[in-house]
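Letters A, B and C mark the chains as written, and numbering starts fresh at 1 in each.
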Amino acid sequence: MSSPLARRLRAYGLGLLGLVVLGVVWEVYKALGPAVGVEVGGRVVLPRTSDRAMPHLTDIAGRLVQPALGRSGDPLWQVVGHACLFSLRIAAIGWVVGVVVGMALALLMQRFRLAEAAVLPWVVLSQTVPLIAIAPLVRRWGSQIHLGSHAWDSQDSVAVIAAYLAFFPVAVGMLRGLKAPDATHLDLMRTYGSGWRTTLLRLRLPASVPYLIPALRLAAAAAVIGTVVAEVSIGLRGGIGRLVIEYAQAAGGDPAKPWAPIIGAVLVGLVAAGFVALIGLFLKPYRRSEVAA
Amino acid sequence: MSATSVDAPAEVDSVPVGAPTVPARVLAPGRSVRTVVAPIVFGVVFIGLWQLVVAGFHIDPYVVPAPSAILAELVDNLGSVTSGAAHTGLNALLGLVVGTVVAVVAAVLSSVLRILDLLAAPVVAALSVMPIVALAPVLYTLYGASVETARVLVAALAVLIPVYVNTLRGLRQTRPVHRDLMRAYAASSLQQQWALTLPTAAPYLFTGLRIASSLAVISALVAEYFGGPIGGLGKSITSAASSSDYPLAWAYVLGAIVLGLVFYCVALLAEVLATRHQPGART
Amino acid sequence: MTSSTEALRQAQGTEEVHDTAAVHVAGLDRVFTSKQGSVDALSGVDLDVAPGEFVSLIGPSGCGKSTLLRIVADLDAPTGGTLEVFGKSARQARLDQDYGIAFQQAGLLPWRTVARNIELPLALHKVGKTERKARVEELVELIGLTEFAGSYPDQLSGGMQQRVAIARALAERPRLLLMDEPFGALDEMTRERMQNELARICRETGAAVVFVTHSIPEAVFLSDRVVVMSPRPGRIVSVVPVRLPGTTRDDALREDTSFFAAVAAVREALHGTPPAGARGVENR
């Protein structure tokens, strides 16, 4: 079994098997574990197994097709699906903005070593600021801004937070990529009398692709994370983040419900990563030596 | 012993005695000045401008407080900020340790048994693209909202992914010449792991740790927003914000930034030490 | 000679004199198959290396010299023919640690100091701590790097790293040394110095050596016999015995007429035909 197709099928099959194994472990623990969980040294180490705390997998799956609110209305999976699309759209906008800003910063930092020295540490530091604290701030600032006829709304604030998380891997990854060409290649361009811009277009940009693609992937995941967390913090209606909070509050009587937006969040993340993988396909000739971020 | 035909030590390979060849990574003095001074100057200028803008335009603390106000609140509430930081920091540290141990063990097992790698792939992929903090509410339900376990687990999961991925990569970076050497020595697989594979992976592990370190703090903090017992910077930020004491809320945010920085710097130091003599995952 | 090398010599001398060749190769084939087709890396190779003999393998790229060395080291398996190392299979010889090996890249472990790198095979084979320490000290002195015993590979030049690799190959006093272009990455001056060193070490330890090289003067300087190989398919074209005056291989030897004659002989064998108008080297 060594053909690429066979190997790929085997990989998917084993992946599926892995998920099944996880499901089996869940149910076995639920059947065997104590209802109050397992404590070690004063700390709860294994979860509680009552139906309230740990629903059966079948319950979780079944809940998806039941109405989201009350006894009638759209089924849960539909509500979650809409929220997924809503969040995905915002995450996409945030991703695009973050990628543009990240690339611009990377170009700036590569061009001027002083800029790199001055700015890069602060870029790194920016990621230690808890998003959840700046999200309301961004909304407040945004409310003072008017972009033409478009009034700033909460969605824009969420997109800004998504961009805030997304720009970092792009800035760092692209900078590494722009600095990646061999000294010999740079010398070669110099002997051709190429200025910074020509060297950038002909050498640095193509050389940076293997670094850029993994960075874009990270940025996509980061944009999704930023979107969800910002939605929670700002309380934006219509997104997955809001559902996570809402359903968590209802978890007492409806333990399977909070799992639905989690599944949704995973799907959003996977779609975002898949989209970047597609971009990667187009840039294949430049990717012969891909470097993990 | 008769004099060897190798030149006397003073001329061996043109290197003076006692001085090993200087590694190429030594910074020239001018460069290190720039690396240290420039960001500090940038930061000072930024904060200075911030202060001026807030004071000059009489901006409401509701929008953004002045750095001086934040600093004042920090000084006034230092005890509370540090205890909050210690609380969140402990959760983050526990999460970091648990996540790293699990990730390293899993990576070693996955490198030895390919099938485990394939079995775990979907879980790893799902965890790497989703906001881990979204699991916080269900974890509070599973473990109860009166214990810290959910927060530690959120941090641990956030740490698990980068450490697992990086360590697994490192375990696969052994050079062919080294593998030939181990085979020529008829080394057992265990000996090969110990003498070659694990040391090769060590720098990659530390790179993963560096990435994971500030993630652990942020995850532990954001998990506090979703519930759980009182204590920790996240809870303090929300309570200060809800009582409209914005400079205080920012003081707690500053505490969170410092906490994240401490974790990051320690991990960075560890990474630099681990990659002293060998190339690692960083360029 | 130090007492340690004396002891070594005695240890080698008190062994029963075997007629068993150090390396015995008969009709060896190695075919590589890939999507592009198959390559005859080695075809019908016969070679015997006597105990204590220094044999060089020389030839253009693709002639199979490195492949042959790797097969002797049991790092690769032949597709046909027989191979015996000290009368055993290559695998058994590897498991019994009958040989030491040095590669073109020194292959030092970057996280170990010079001393710990040399110690590696001894540690892997459970040699006791005091014995290890003594042997490492001996070897570090042998290669002239005593001051650098605590240095790391990234602090050493290429020549120094290669010396450490050779010391490591000698750590367990092997009866056979396998060396794959160990001096290939070094500059000419360092190379000649290393050749002097190696010749001295081999004379003192009495090990058999199979040495792969690209350089004709290097092969002639070091060897008792030079095995000339050629590619497509990889095979032995001729074996040139090297007869040089005296037993010491040193810089003076490089100026000797017999040295140049031997070099010319090997070159002839490599090119297949004698160069036009060759009359040997003029006396200076």
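Please note the rule applied: contacts are C-beta pairs under 8 Å (C-beta built on N, C-alpha and C of every residue); 3 or more make two chains touch, one makes a residue touch a chain.
Fair warning: this is a prediction, and the values are worked out from it, not measured in the lab.
Undergrad: Touching both subunit A and subunit C, which chains are there?
TA: Looking at subunit C and subunit A together, the chains touching each of them are B.
Undergrad: Based on mean C-alpha positions, which chain is nearest the centroid of every protein C-alpha shown?
TA: That would be chain B.
Undergrad: Max contacts between which two chains?
TA: After tallying contacts for each pair, the winner is A-B.
Undergrad: If you average the Cα atoms per chain, which one ends up farthest from subunit C?
TA: Result for the farthest chain: A.
Undergrad: Take the average of all CA coordinates in subunit A, do the same for subunit C, and state the distance between these two points in whole angstrom.
TA: From the centre of subunit A to the centre of subunit C is 55 Å.
Undergrad: CA centre of subunit B versus CA centre of subunit C: separation in Å?
TA: Spacing between the chain centres: roughly 47 Å.
Undergrad: Could you please state the distance in Å, as a whole number, between where the Cα atoms of subunit A are centred and where those of subunit B are centred?
TA: Each chain's C-alpha centroid was found; their separation is 19 Å.
Undergrad: Quick check on the complex: what are the subunit B residues that touch subunit A?
TA: 34-35, 38-39, 41-43, 46, 62-64, 115, 118-123, 125-126, 128-135, 137-138, 140-144, 147-149, 165, 169, 214, 217-218, 221-222, 225-227, 233-234, 237, 241, 249-250, 253, 256-257, 260-261, 264, 281, 283
Undergrad: Over in the complex, which subunit B residues touch subunit C? Could you list them?
TA: By the definition above, subunit B touches subunit C via 1-2, 4-7, 9, 12-13, 15, 17-18, 20-21, 23, 175, 177-178, 180-181, 183-187, 191, 195-196, 199, 202, 276-279.
Undergrad: What part of subunit C is in contact with subunit B in the complex they form?
TA: Residues 1-2, 73-75, 94-95, 97, 99, 101, 103, 105, 107, 109-111, 120-121, 123-125, 141, 143-148, 151-157, 159-160, 190, 193, 196-197, 200, 250-251.
Undergrad: Could you please specify the touching residues of subunit A with respect to subunit B in the complex?
TA: Listed in rising order, the residues of subunit A that touch subunit B are 10-11, 14-19, 21-22, 37, 43-45, 47-48, 52-54, 113-114, 117-122, 124-125, 127-134, 136-137, 140-141, 144, 176, 179-180, 220-221, 224-225, 228-229, 232-233, 240-241, 244-245, 247-248, 251, 255, 258-259, 261-262, 265-266, 268-270, 272-273, 292.
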